[in-house]
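Below are two complexes that have chain A in common, paired first with chain B and then with chain C.
Up next is the complex of A and B:
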């Protein structure tokens, strides 16, 4: 089991109900305050059932009562009863529990068979240059990939059974409220209502706000990564002086950036210097390119720039204090180098010039699929290395990991992506709430959550 | 003349050790006894009936049992008394009534490697006393039952014994005499279904009796809360069950038939002793909580002290109702109101009350964990004398797992209640424990 797997398992166990053999009592309401970007994903995760989800861990009776899918011990499903694969791994068949048409549409959308999709499984397949066709009958859904694909259940774990009606544990009401659904695929959830408050408001579960730190703190299995993506033109111009690994400029750059200071100011100190693209906890400790040489960090200055000083366009999504603080720090570093930074919102479409600072977290626990997800998000930056792309979709997890680490090293050495810092992801919850889980992408999962004391 | 008659009677009575059954108009069909103890009790009763018929005696008998050499008198009376009474009642020829003028003095002893019962019948209109004798080879079961030579007086202790393993997924357990041998079998409700096990002394695992009666698959499968309730039915050798998956069934343990039963109601074994044999609370789908009012088998509401509408479990006693509240705390509800019974903040889902040491005072068995995430601890207390200030009579962490079910019955023929505990660990098997008072 990978470190990430062990960590995830530990997290699930740690978050499971304790206090002896006492079954949770249903009922009660939970108030939730999340950043705007997470609200939609959190609502969808509760209103629409995942096509597959990780198998139950913990007590034996729960494992027996909620068995894994035949042949797939790591996965269970309330949506499909069976997953079969062809010998060449190009054709996969899903047997739906009830409505094949709805399952077919949902999977086709999620895997990108119907065109562009922002779901991470579609991005991962796009990153690997794999297309898929979905054939649907009432009794089965057939996936035909253009190349062999091994980790299909992992990809399906990122697919929700979307539709006009709720298919998950909750049904969405107007006014930012979810109410428990008796007909949920794996039984009704325990909390009766989930009420969303405005971001930053007091709530019993709060996430994404470093100032909201109360009750119990539940950390995600791996941190977010703040990365600098360089368009080809920016990489050639090298305004930050990052090219030429033998000169040691990367070490000087990291020293000037001072990630520890940034995380201390903007993220409660829960972060630090990043040296890899894949977050610690997702990928195991591995040898990464070491900056060498004797270049010294510059003394940062606030001198006036020449009116005709060269500029660098830097894109970022505004509103994230850590990203904003990092961008400000980069502006200071560039100013010291005589460059003017133009800060801009992200542009739709490919990143053709300048650089972009992103806060990225994989939506999967599989390092290879995480790499492919990133490649699918920024295809113009991260040209695929076809020699290893196929191995990223190998059925063998070890082979996928090796390929992912190889691609990561390549991207790092080419300076296509420059890791800036890592930052923990956590939620603060009322200490009496039990059974909360965090999805890899940071979405809190509340279907098994319940109050320790009746409310 | 009387002496001659007595001599003749003794001579005649001692000759047939295993007297043949005597047909009678009043006799009712009964299952053939199984197990050494049941066969021996049946032989004693049959011999007694044969003598009564031969002497033309009518009406009930008063039975006095004493122990001879090598046996504990109290134990012999506890083992033989109820069983003989029950067997005679089934026979239809006589029954036991301690006020009767027709008396049977029965002496049980171990002699020459055999178990003997020698009876003397006298009184009322008998011309002269008459007697009978029954013997049996002392096998392991009878040695276990009567504990010949194994008694140690003057010491008071609790004995916890591992009885072996059960398949994982146990939801509840009851003890019920399924095979008519006067010892209870262990009836287990699990995710698979209902399975009967038999305890055999000296054997390292409970012996499975027959096949498992499978639970029918529910369309929606098991919900997030996986639990079940099992209790004896009104009918002989039948249990009723409910699960959070929505099963509401009665299971015939002999015929292995299943029928729907009391939809939406949960049978509770803790309500039975003082009322009808099956009582019900509303609940059973996806929730471990049960809703009052409680009803008897006839559908009528049971009169209980005022208490919360929703509970996890309850046990009716002469002192009131002991219940596990929604928050997991244990309370006593009686005419004076509701008060915490244990100072422990939370106990397991279920509670069990039983007089394990037969001293006339109830013990309370709970399964609270000692701390967050730690293993369950089985605790036996006697809190009624000073609620909230109870000292544990017995505590055990078992093997560090989670207690998933408790039941009580006499599984070893000694007429003392045995507390059965099913513990689930991380392995794919559950451990079956027995706690008994072993003076």
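Up next is the complex of A and C:
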């Protein structure tokens, strides 16, 4: 065989597995049952293409099939062809693959340039006190920040190319169904249909219900965090006995709370005591202000409350069994201390009075942006820490991490935020389904999902 | 207040009192009967409530039996964590009970179906009851995350291995349960209340008014009708018939059943409304009847009163307009007597006037005869002297004749003057009234005496316009006579005061004029006869008809004249002239 013939034979042999890998078994339908809070995000993640995605890692042929952006090896995109930055990191330029107007509008919405937005990148920028202006032409989109912003691609990974028409791998049909779209930026998906069922219904992929556990389990890279936010007035009044010089108080608090038991009762045991604010798995191992000294937890009791017992207002989003159970446990701890709990829904705006139990999950793998996202959601927690906040947007990942950990330590020491427990996030999926991924915010990504056996 | 009004008022008052007393009596009787009915109904409600509570207790005991005998409890104890709680939650979801608790030896919560997070906490139940199980279900305040919920509970001790455990089951007596209970027993309101004074050993210490901190179950529509606002304790105590029921085995709570008084109140209000309507209608009828009767009684009396007033005004020919038999025989006799009296008075007055006329003519004739005799006597005397002188052939017969003839002529002149005055007095024409200024006539009359050559000073004080309806000539005649008399009384020298002012007599407007002189005045005896014809104080110089003429002129104009003594002892004539009335 000639050299050329061997080359072509080698190429053919190498291409076949690659081709076989890329198209294992197209077609098929998947039923999905997710908590109501995740449905909208999951639909959007499949109907609208992300502006930027994490680059493919792993095998060379995968990286070749899905190349990363020039200058940004960690990111790839089916929407932009290039990302440029100015020296002062205040001006960034995106070169669209197709229509710059649609990209500009989507990015402006996502980053909060057009007003208040609930997208986490807008929250992160708001948490850092940064405003952005977006200038759009057909050929490029220019972002102008009021302060230097380093991790712009990280932020853009949280933006979707929204518009009146689908830009992602699927198109949404009425009746809670997604249908495969041939014109997807990074190629058509393998599953033909995704059908959403009511939360708690039997489905081939389900998530969010601790009582529903079947098939294979795919855990998110880090768990949810159940945190206690304290308003200034509550920190001063210290109804839970967390302040003060006795270092054993925090340990006593955790002992009374008994997060492991709470997790066992309400979250199928897939949780535990939280000592930090950033989820384990997102932030690296780090020294945290651990309590020392003897822990003397109170003997919890259900004695009668005085008719005019002082009250504490506790806010929470209803319907989450773990959060409800934690709130009930805190009610018991407060009752033992002679306080009556008043449970309320969350109020808009900063927390001015009482406490709030939140179940928080970062939408990004970057700890600094996670801190900013939390600060953007609850601006009162970062109000005084602006000097360090600027470093959270440093182009240097290490610097960002250090700033994030410093702020976390400050929050812990000030008791602005008290970690209560962590709770795994997972989805249960039919064992035959392949290619499922979970986004950092827990949204299942099915663009590459497919059945091992053709359905 | 007139007689008619008093009679009508008496009728209305009588009816009102009758209706009021009757209504009050009826209302009291109806209230008593309705209250009694309400009490009987309340007693039935209480019985029904007691029966329902007994059923609940039986259900709790059944659940305890079921949990024990079915082995479910042992299965719970054999698993831990989520599985244990899931099973307890599942049992609660079946709805037989609201509370399932498993307590350890110290009373610590090993398992709580309704509050899973309360694991490990000490439950006060065993400590309060010292481990003794009362015979009946106990109402306790079961701890929940938001406070205490009233709960009927039963429990049972059991042994597992070396541990003494307590299984507790319960039924919430919350608002929903109260509402179901209320609808079942037919009460209008059902409330679960704490005693304001806390636990006590005797239920009879408590009254409904001492209960506080209530949870109510109500018929909202009915409560809305009576304006109930949740939390207004005093309000619903007034609106409802309340019966407290001691819950078996509980000293802290009372169940209070209430029946609305709304029906009772509506009935009472209806009675009052009807009474008011009947009372009003009766009052109107009484008023009409009273008016009719009063009219029949008072009309003759009023007619008599009116007739009496007319008689007082001088109309003696009045007839009382009363129909025969109207007002009864007494009124008829009274009317007859009155009319007879009026006729007698009329007759007497006619006779009196006739007698007065006769007397007046007699007086005039006497005066005239006297006056005539006065000049006739000297005339006779003079003729006798002339005849004697002629018979005697006296030489001075011519002188005697001349002298005596002069005396006769003088007396004849006097007779002529008397005749003219009498003619004037007798032939006073009817007045022709016109607007006349009294002060102007006075000034004209006094003009003769106001010149420089007279010795009479005039002082005037005229107030108001002094215009009256009068015959100008007759007024001038009268005032001239008065002024002439006044000047003559001063012997031609002195002060004459003249004044006019508006003055009313018996409600009639007029002008009062005063003519006062500084003469010697008039004695009482003279004053009485001053205006009598032929009465004079001037001897042979006066006719005695001047003031009588003035009097007649003034009276025929409807006025009045009087005389008294003035400020300096002289005479003062007061004449009141009516403004617009002239007596024909």
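Methods note: the second predicted complex is superposed on the first by the 423 of 455 C-alpha atoms of A that agree within 3 Å, B and C clash if a C-alpha of one lies under 4 Å from a C-alpha of the other, contacts with A are read in each partner's own complex, and residues count from 1 in each chain.
Just so it is clear, contacts are C-beta pairs under 8 Å (C-beta built on N, C-alpha and C of every residue); 3 or more make two chains touch, one makes a residue touch a chain.
Since this is a predicted model, take the numbers as computed values, not measurements.
Asks: Does the superposition put A:448 against chain B (first), chain C (second), both, or neither?
Replies: The answer is first: A:448 touches chain B but not chain C.
Asks: Examine A:61 and indicate which partner it touches, taking first as chain B and second as chain C; both and neither are also allowed.
Replies: A:61: touches chain B, not chain C.
Asks: With both complexes superposed on chain A, which partner does A:76 reach: first (chain B), second (chain C), both or neither?
Replies: In the superposition, A:76 touches no partner, neither chain B nor chain C.
Asks: So, A:301: does it touch chain B (first), chain C (second), both, or neither?
Replies: After superposition on chain A, A:301 lies in contact with chain C alone.
Asks: After lining up the shared chain so the two structures overlap, which partner does A:190 touch, if you call chain B first and chain C second: first, second, both or neither?
Replies: The answer is first: A:190 touches chain B but not chain C.
Asks: Overlap the chain B and chain C contact sets on chain A and report the shared residues.
Replies: Overlap of chain B and chain C footprints on chain A: empty.
Asks: In their shared complex, at which residues does chain C touch chain A?
Replies: Residues 80-82, 85-86, 109, 115-124, 141, 143, 145-148, 213.
Asks: Show which residues of chain B lie in contact with chain A when the two form their complex.
Replies: 168-171, 191, 220-227, 245, 286-289, 312, 326-328, 346-349, 367-369, 372-373, 376, 402-404, 424-428, 430
Asks: State the interface residues of chain A toward chain B in the complex, per the touch definition above.
Replies: Within the complex, chain A touches chain B at residues 18-26, 59-62, 64-66, 78, 183, 186-190, 447-448, 453-454.
Asks: Which of the residues in chain A end up touching chain C in this complex?
Replies: Going through chain A, the ones touching chain C are 210-211, 258, 261-262, 264-269, 299-305, 307, 325-329, 331-332, 335-336, 340-343.
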